[in-house]
Each structure stands twice: as structure tokens, then as C-alpha cells.
Amino acid sequence: MPIVLADHRYGKAENRVVRFRRDTARHEVVDLNVTTTLRGDFADAYLHGDQSKVLPTDSQKNTAFAYAAADGATTVEGYALALARHFVDDVAPVSAARVDVEAYPWTRARVGGVEHDHTWVRSGAEVRTAAAVVSDEGGARVVHLLAGLEDLTLLKSTGSQFRGFLVDEYTTLPETDDRVLATSLEATWRYAPAAVAAGFDVDAAHAAVREALVEQFATLHSLALQQTLWHMGRCALERVPEAVEIRLTAPNKHHVGYDVARFGVPDRGEVFHADDRPYGLIRAVVADDEFPAAPEAWA
Amino acid sequence: MPIVLADHRYGKAENRVVRFRRDTARHEVVDLNVTTTLRGDFADAYLHGDQSKVLPTDSQKNTAFAYAAADGATTVEGYALALARHFVDDVAPVSAARVDVEAYPWTRARVGGVEHDHTWVRSGAEVRTAAAVVSDEGGARVVHLLAGLEDLTLLKSTGSQFRGFLVDEYTTLPETDDRVLATSLEATWRYAPAAVAAGFDVDAAHAAVREALVEQFATLHSLALQQTLWHMGRCALERVPEAVEIRLTAPNKHHVGYDVARFGVPDRGEVFHADDRPYGLIRAVVADDEFPAAPEAWA
Amino acid sequence: MPIVLADHRYGKAENRVVRFRRDTARHEVVDLNVTTTLRGDFADAYLHGDQSKVLPTDSQKNTAFAYAAADGATTVEGYALALARHFVDDVAPVSAARVDVEAYPWTRARVGGVEHDHTWVRSGAEVRTAAAVVSDEGGARVVHLLAGLEDLTLLKSTGSQFRGFLVDEYTTLPETDDRVLATSLEATWRYAPAAVAAGFDVDAAHAAVREALVEQFATLHSLALQQTLWHMGRCALERVPEAVEIRLTAPNKHHVGYDVARFGVPDRGEVFHADDRPYGLIRAVVADDEFPAAPEAWA
Amino acid sequence: MPIVLADHRYGKAENRVVRFRRDTARHEVVDLNVTTTLRGDFADAYLHGDQSKVLPTDSQKNTAFAYAAADGATTVEGYALALARHFVDDVAPVSAARVDVEAYPWTRARVGGVEHDHTWVRSGAEVRTAAAVVSDEGGARVVHLLAGLEDLTLLKSTGSQFRGFLVDEYTTLPETDDRVLATSLEATWRYAPAAVAAGFDVDAAHAAVREALVEQFATLHSLALQQTLWHMGRCALERVPEAVEIRLTAPNKHHVGYDVARFGVPDRGEVFHADDRPYGLIRAVVADDEFPAAPEAWA
């Protein structure tokens, strides 16, 4: 029975890097959760316990902090790319590196209506994400850059229906012309390699994608969450030409109308129970098919 | 061995009540997590399994939803008070009721720079809280109203020191003149019964307390988190005369400077590791001592 | 407006202390989450930022680890008492200390049916708790010892009914003669001060309380969760004379029968949906009233 | 810009199915978290909002409960396979279905040393997993069966070293000959299609894989977590011939020695701080390469 090591990778997960800039009185903050993952010539560590090619995960942690200091983490994406390139370029056994970053949002505290110079309030559960994937196998350098967001929670109180669906022997759901629609969106998009090589305003691109996602959720009369997702993805790629593929995962956070007429209260369809589980879970991948797919960017 | 039932209470926890107002094209949303707790003449249910005086928790759930429909939940505090009063007034065995509410913040989605009529984005991890405590034992009606917030996460990159502390044989902490200070604040304050009886703008009061808390955290040069908490509480009570007591719980979310000079990177004190555990945990109760304490409001 | 500091306390929360004993080939492990809380002469730190009487929380952390090393943490309760006594006895401004401990269970790995000497598997979500509360105000030494458990999740598939309850205008719940009963129990009990002073087998006492709780849940035909809790508490105090008060908090984790007859499947009442929220929440305090109450132990 | 729907799937996540068997006095319980995911001819729902081929996720929920009733969920794997086959066989637009199941462990309560007939205690944070993946595109039926476990938390107090690793400019980690090793293992393995078609004792296979994993963790002198994972996977596949591929994900839960000698306490290397973040994260895929890979089983 020829049992083999078919695949492997390792790294340091969830380095909580907080980077300030304090060179003027008006400070800046970048608050990151950084995970590094390396692939390469590490089979001997698994098969024989030979660590000679293994860069300790502790060293990867040190590197993540050192790069945050040196680079300044001016953009999340630039920091991730620099760190991933370093591992591939400077650590011999590494053939591919992936750096995943979650960035937590802070807004300046307001005092007397004025933004404070060095105090912030954590704003939002929403997380901005980025991932840089760099590989160099046999001299063929490949660079992918992903950006995204998690926990963008959206809710609309009308403008959504669900009817005309397939009915089988297990179907009991009534049709509805007017329902609450809510989701907690996870979206990740990939930028065109040429755009990454040329450079572009990653913050503006992120903001434009997010704006497209929110706008379509708000303005499209939804015939199903599936349709809403398609239009969210389509609009994002149309608006931001650097983005060539977007993957959307959306729980359908069910809001169930509560029958208050039983209690003598006029039921105007305004009171709902927000259910926890189960929930629908809808996924869509939308792509600009002039660009080649890049499954290795998503591994 | 005379074993007795010394105390008891029961209720329905975490009713996820979502209340819209849809009477005009511009809808409104109130998103609540409601917990009801009843005290009263329920000993027989414990001692003998006699349910004849026990209002099912399922009925409490129905009531929470019905009141959200009828009352409109125009203010979180008003809804909590109405619900608590109902249980005491209308359910004979109930001598005291407490209604705890968490309110989740939503902001209108913006489309083309304009607020959308019926779509919202969940804003913030911060939760607004309220609790109404109503009792009527022997005809002596007592009403308490608490308000608060949780997970108000604050961070400052300077303006904090910690020195001159007690040193014992287990002390290894160096003094510091300039450190990062961060916390995830939980604050609950109590309004004066007379103000509750007379009525006042609970939303404005909540906003004013929150503003005072943020302002003091930002502007006070902190000699310790203890001192910061005192000034936060003091300022809140000074600004909002209806609030007569405030309880503050503040983890000291440690940010540990990362020594990047080891790696040849200039160390300007700008890169930190955000530690998870352990964390300092500081509590303060600040009160206007012209008003009597009300331990029963906090049970 | 005479605003005052009405109460205060501080400490180090969630020190993750892991203590092995490796003096023989058969090692032992104790895995703790330790929180220290101090009260005393600390008002100046709040009011004036004067730290001269403040033992840093970092020193408290060091102390927790040092005591785990020195004391060996042979019992959780002994360790908590030693640590609490130290703060009161040896740190001048401290007038009262509370040490809360969560202990995580591990069982020895079995290899070929034999217990392994130095490898363990984490067993159970259930947590054992202990708290030592020591105060010495004006020379009056008071020592309280609490023990407990959290997340003891219990389920029975019959032997539970709920009927004969109060019906109001919001009641829609049908009566039932045979339902699923499930809870995730939190229990904390207090030992008699004299027993603590004299010493006793805290591990045996803990096991006996737990056994009583499980046995009553299993064997009592439940007329309501309230009744079940009373008998659980009563039995525990009867079995373990050192325990003189027990506080029980029990969510009623609702299991809702799923109507499968709609789909042509015989409905034998065997398939349920386990609901998340809302849930009933029942509390009981059971006490041996020959012993004085000790509210300060529970603050 | 030819923007296309590149991929899509949808389903119902986290159906909390609890199935008892009560046909004799000795009841049985199966406690599941079931997620169904369908692929197929659903593009029109995304592109045009046409639901005519969309089986509502609500119907999928009903089906999960109905199958639990009809099938009895005698084995987790059998239930998952039956449900996945149903969607592919009986719902025309479905070309592939995946059913993921988490099974939560319960053990019988013991009363007076005897197992109780209808009461259980939740045992362990560890979760047993299974996934059935069935597809039928163009008449080519493919069936995959995965099994696994999550949150198997393992700890050893010796028998682990880490030395001889690669040193770069960011490396500060000292070598160690004797360290604590701990992980919270996630393992998923795939059974050979022929074995699935023929049928075998899935409970025995699961137990044997788990035993192999624990045994190797315990008995192998670890030169690195990588090496430990390889031997865990290798041994599992050797012991259980039906299992042909196993994927292991293992956080290195760091335990950092606490220097108590500073406080005059003899430091015998027995006291550690259990760190939360960051953590090493090691992954390995071990396969029997006589069997073809099946990437579609893992999508």
C-alpha cells in the first residue's frame, strides 16, 4: 500500500499586527490579522522530521511584524504582496507563499464634532480582507491579488419576493410577494494580474466594489437571493475593471413574520422573528471570461 | 437539614424581535434581542411541580412580539417599560419583571450618495442596551430604568502612561510614559426614578452619555485606565442629569510593543501585538450621591 | 451635584495557566483559566491617577503562575484559596481578593487500551469552576469557597411533561404529557466556612454534587424544569453536607417536534428540531437555612 | 466585457436534526447538524430570477428531517448518502448534491453506576463529521463518502522537540529538546468508492482512524508537528483499508514556559502559558496512491 504525502503547507495564523503612524500629530492606525502560509520543499520535515529547510512559524511571525514596521502597511494589499514576495524571493525552500489579511475598521473619535488626532472607535463588524498569492516554480513567477469583505450585513424591508419555485413532495413553503431579505455577505474578488503588475488604487477599487454590492442589494427588486447575488457580482465587475472575478457567499438570514393578529394586535406585516438556524446558503462565482481562470489563487 | 428554595426567577431569553415601520415609503427598523424575567408567586412550580401560576415562557415570547407590534418600539426604553409593566400589572402571580433589551444598530444604505428608503447596513459591533425593572410588592410600585452600551471599542495611540505603581516581589512590568490604551467598554447607567416618571428624551440622553464617554477617553491624558474610567463616568453624570449612577467595566486590551530593531528595522514604537489573554479588567461605579442607591435595579 | 466613586475593583482576567507534574514518568496536567480581582484602598488611582497603591495586573498574572508552580495546584480550590489569601495577606492595600478559576478536563489518551503516561485528550465542553473569596476588613477575616460547573449539557427523551400552566391572552402553547427536556446547566455552590477552615476532600465533594445533579435530572419525572432544578439542588445539598447553598441556572433548550407525517413518514414523535433562540431560562437558589446567607460571596 | 456566471450552488445550512429511537425502553439519540448543497440547472434563477427549477431551501430542510425519520439515521454516513442520492435521483434539475453532517456526541447518564435508559450527557467538544457527495452528470453516477472529526484536542507534556530548523534574519526562536505539544485536530478522510458501493462498518472504520490518530500523536517522539501529522495520516490509512486519503489540519497550540525562577520558585519546566494567537498551522494530505485522486469530493 504505497502511502504518500500528497500535499502539504504550513504557516503562522492570526498574527494580530497593529501598526500606527505617529510621525505627525495626526496619527493613523492599521489593525490587521495576518496569516502566512508557505509551500515548498518541506517534505523531509514530514517524512523524516528533518527541519533544515523549515522556516519556523515563529520566524514568519517576526517577519510579519517587521514588514509592518518597514513597509508601513500603507495599503493592506501592498503589505500582503511585499510579505508574500519576501518569502518566495528570500527563503530558498519556499516555492509559494500566501498572505491572508483581515483588516478591522476604525473611525476617528469625534470630540465636540471634530475628529480626534489619536483616538479611534472600532466601527463595524465588517472586515476588509486581502490575500496575496505568489509562486515561483521553476522560474515562472505568478502573482495573484485578492480583496474582499466579510460580515457585510444587509437588510431590506421590502422589494423582495419568492414565488414560482419548484414544488416537490417535501415543499410546504408558501409563495410570497413581499418579504424581508437579509444576508451577511462574504465577497472575495480577484484583480487582473496585469493590473496588479501595473499598480492601481486598491482602496478606491475596494470602495467601488463595496458600493456596487450595496447598491444592487438595495435597488434591485429581488426575485430570489440568487438573482440578487448575480447582479451584485456583475455590477461590481462592470464598475471596477481591475476586478475580473468575484465569489459571493450569502446566507439567507430568514426573518419570519410573527402572527400578532392572534393577540388582537393589527398585523401589518411589520414584526418578524430573526431566525438563527437553519439558513439558506447561496453561492455564486461571477467572472469576466476574457480573463483566464486562476484556481490556484483560491486554493 | 432544612433545605429551602431561597430565591427563584424565570423567563424567556433572547427573543429576536425585528420591528419595521412601513407606513410611509421611508421605512424604519428596530432590531432587538429581548429577554424577559419574572419573579413572583412561583414557589409551587419548583417545590411541587404545580404550574397553575406559571405563565409559560412561550407566552412571554408571544407578548414580546405583540408589544413590539402594538407599541411600535418607538424607543427601546419605552418598549421595555411597557412590557415590564404589563407583566406586573396583568399577570397576577408576577410581583416583579425585568425586561432586558439589546438593540443592534443599522444605518441606511447609501445609493449614489443618497440614503435608501428600505435598505440598511449593519453598523458596528457596538450594542445599545436597556433594562426596565418594575416591581409591585404589597402595592409599592417601583420602576427602574437602565440604559447602556456594550462593545464600544476604543483605542488611543498616545496620551496614556502607567508609572509609579506598587512593586512587589512578583512585579516585572517596566514603567511607561507613552503607551497604547485600548478597551472594549461596557457601560450601564440608571436614570432617576423621577425623571423616568416624568419622561424625557431617552435617545438624546443615550447619545449624550456615549459622547461624554468617548470624549473623556480621547482627551484625558491617562495615568491609568482606572483614572480614565472615573472621568468617563463623572463626565457622563454631569452632562446628563437624568443619569444618576453609571457602572463601567473595561478590559485593558493590551498592545505590546514589538521589538523590530532586532531585524534591522528602525523601531519607532509604532508596531504592536494585540494580545488576547490575559487582560486587565477594571471596574468602577460612579454615582450621584444625592440619589439613593438602588441595588434591586442591578440584580 | 456630588458625584462620587461608589465602588471599584480590578484585576487580571483569563490567565491561561497550564501546570504539569512531571516528577514521575506518569505526568499529570491541570489546565486553568484564572481571574484575579482585588478590592481595597485604590480610590486614589481612580480619582487622582495615583498608582502608588496599585499592584499592576501584570504582577497579578506573574503571581498566578508562580503560585501554580509553587503550590502545584493539587486541587483547584486549594490553589484559588492560596492565591486569594496571598493578595490579602501580603499586599498592603488589598482588603479583599477573589480568585475565579475555570478548570478544563483532560483524560489520558488510550493506546492499545492502556492509559498513556504523558498524553491527554480534551474531554468535554463541561468546565469545572471554583472561586475563593477572602476579605480582611478591620481584622475580620472572612473566607468563602465556591465550586461549580458550567456547560453540563443534559438531555432526556421522555419523562418530562408541561401542563396545567397559567393561560393568558398571549398563551398559545399546547400542553404536553411527553416532551424532550434539555439544558446546559450552570451550577455554583458554596461550602460552609467551617468546612473550608477544617479542610475536606473538595474533589469528592465536587463529584458527589455533580452526580446528584445528573441523577435527579435523569430519574425525576419532570413536571417543569423549575421542579427539576429544585430537586437537583435539594439532592446535592443533602448528599454533600459541606455544601450549604447552590445556585442553578438552566436554559430550557427547546426541542420542537417536526411534523413528518406531512411527507408520508410515520410520525412517532422521534424527530425534533433543536432550536437556538429564544430559550426559557430558569434560575433557582437552594439553601440550607441553618447557615447564614453570604451575599458577599456572590458579588 | 463578457461577464458570466461561472459557478453556483445553494442549499440549506445547519439543520439541527435530533433523532431519537424510542421503540424500546432503552432509547437512542442521534444529534446532527445537517447542511445540504445542490448544484445543477439553476442558472436561470441567478440570471433571470426564474425559480421554476429551484427547490426551495425550505423544502431541503423538510427533506432532511423527513429522511431522519424514515431512515432512522442509523449511521451518520448512511443518512448522508441517502439524502444526497435523493436530491440527485428525485429532483430533476439537480446534477450533484453534497450533504455535510456534524454529529455531536452524547453518552448515557449514569445513575448509581448504571447507564440510564433515556438520559444523556453531552460528552466532548469533539465533533464527528461526514459528507456524502453524489453527482450524476450525463448518466455518470459518482459517489464519494468522507468522514472526519473536528476539535480533537490533544496534548502531550513531553516527547516533542524542535531543532535544526532553517535560520534566517528574522529567526529568534531557540531550539528545544523537550517541549509541550498540543493541537486541536481537524481530520477528514475519503473512503474508496468500491468500499462505499460494497458497504462496510462505518462506525468501526471511524473508531479505527481516530485510534490511529491518537496513538501516533501519543507514541511518536515528535521532531515537528509536520512529522507527527504524516505519521498520524499514514497509520490511519494503513489500519483502515477503506480509507484512501486523509487531510489533516492542525494548529500548533503554543504552550510557552513561564519563567517562575524570577520569583524564587524552582523552575522545573512544569508551568506554561497557553497562548491564543498567533498559532502555527500545519496541513498535510496523505493518500494511498493506488487510488485516483478525487478533487471533486473536496470542493
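To keep things simple, chains are lettered A, B, C and D as they appear, and every chain counts its residues starting from 1.
The working rule: contacts are C-beta pairs under 8 Å (C-beta built on N, C-alpha and C of every residue); 3 or more make two chains touch, one makes a residue touch a chain.
Predicted model only: the values in this text are computed from it and were never measured.
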Contact-richer chain pair [C-D vs A-D]: A-D
Chain separated most widely from subunit D, comparing mean CA positions: B
Between subunit A and subunit D, what is the separation of their C-alpha centroids in Å? 24
What's the distance between the Cα centroids of subunit A and subunit C, rounded to whole Å? 38
Distance from subunit D to subunit C - Cα centre to Cα centre, in angstrom: 31
Going through subunit D residue by residue, note those that touch at least 2 other chains and give them in order. 15-16, 62-63, 66, 170, 172, 262-263, 276-277
So, in the complex, the side of subunit C touching subunit D is made of residues 15-23, 27, 29, 31, 62-63, 65-66, 68-70, 106, 109-112, 116, 118-126, 152-159, 180, 184, 214-215, 217-219, 255, 258, 260, 262-263, 265-276
Looking at the complex, which residues from subunit B come into contact with subunit D? 169-170, 172, 262-264, 276-277
Of subunit B, residues touching subunit C in the complex: 1-16, 35, 37, 42, 45-63, 66, 90-91, 93, 162-168, 170-173, 222-224, 226-227, 229-230, 233-234, 237-238, 241, 245, 251-252, 277-290, 293
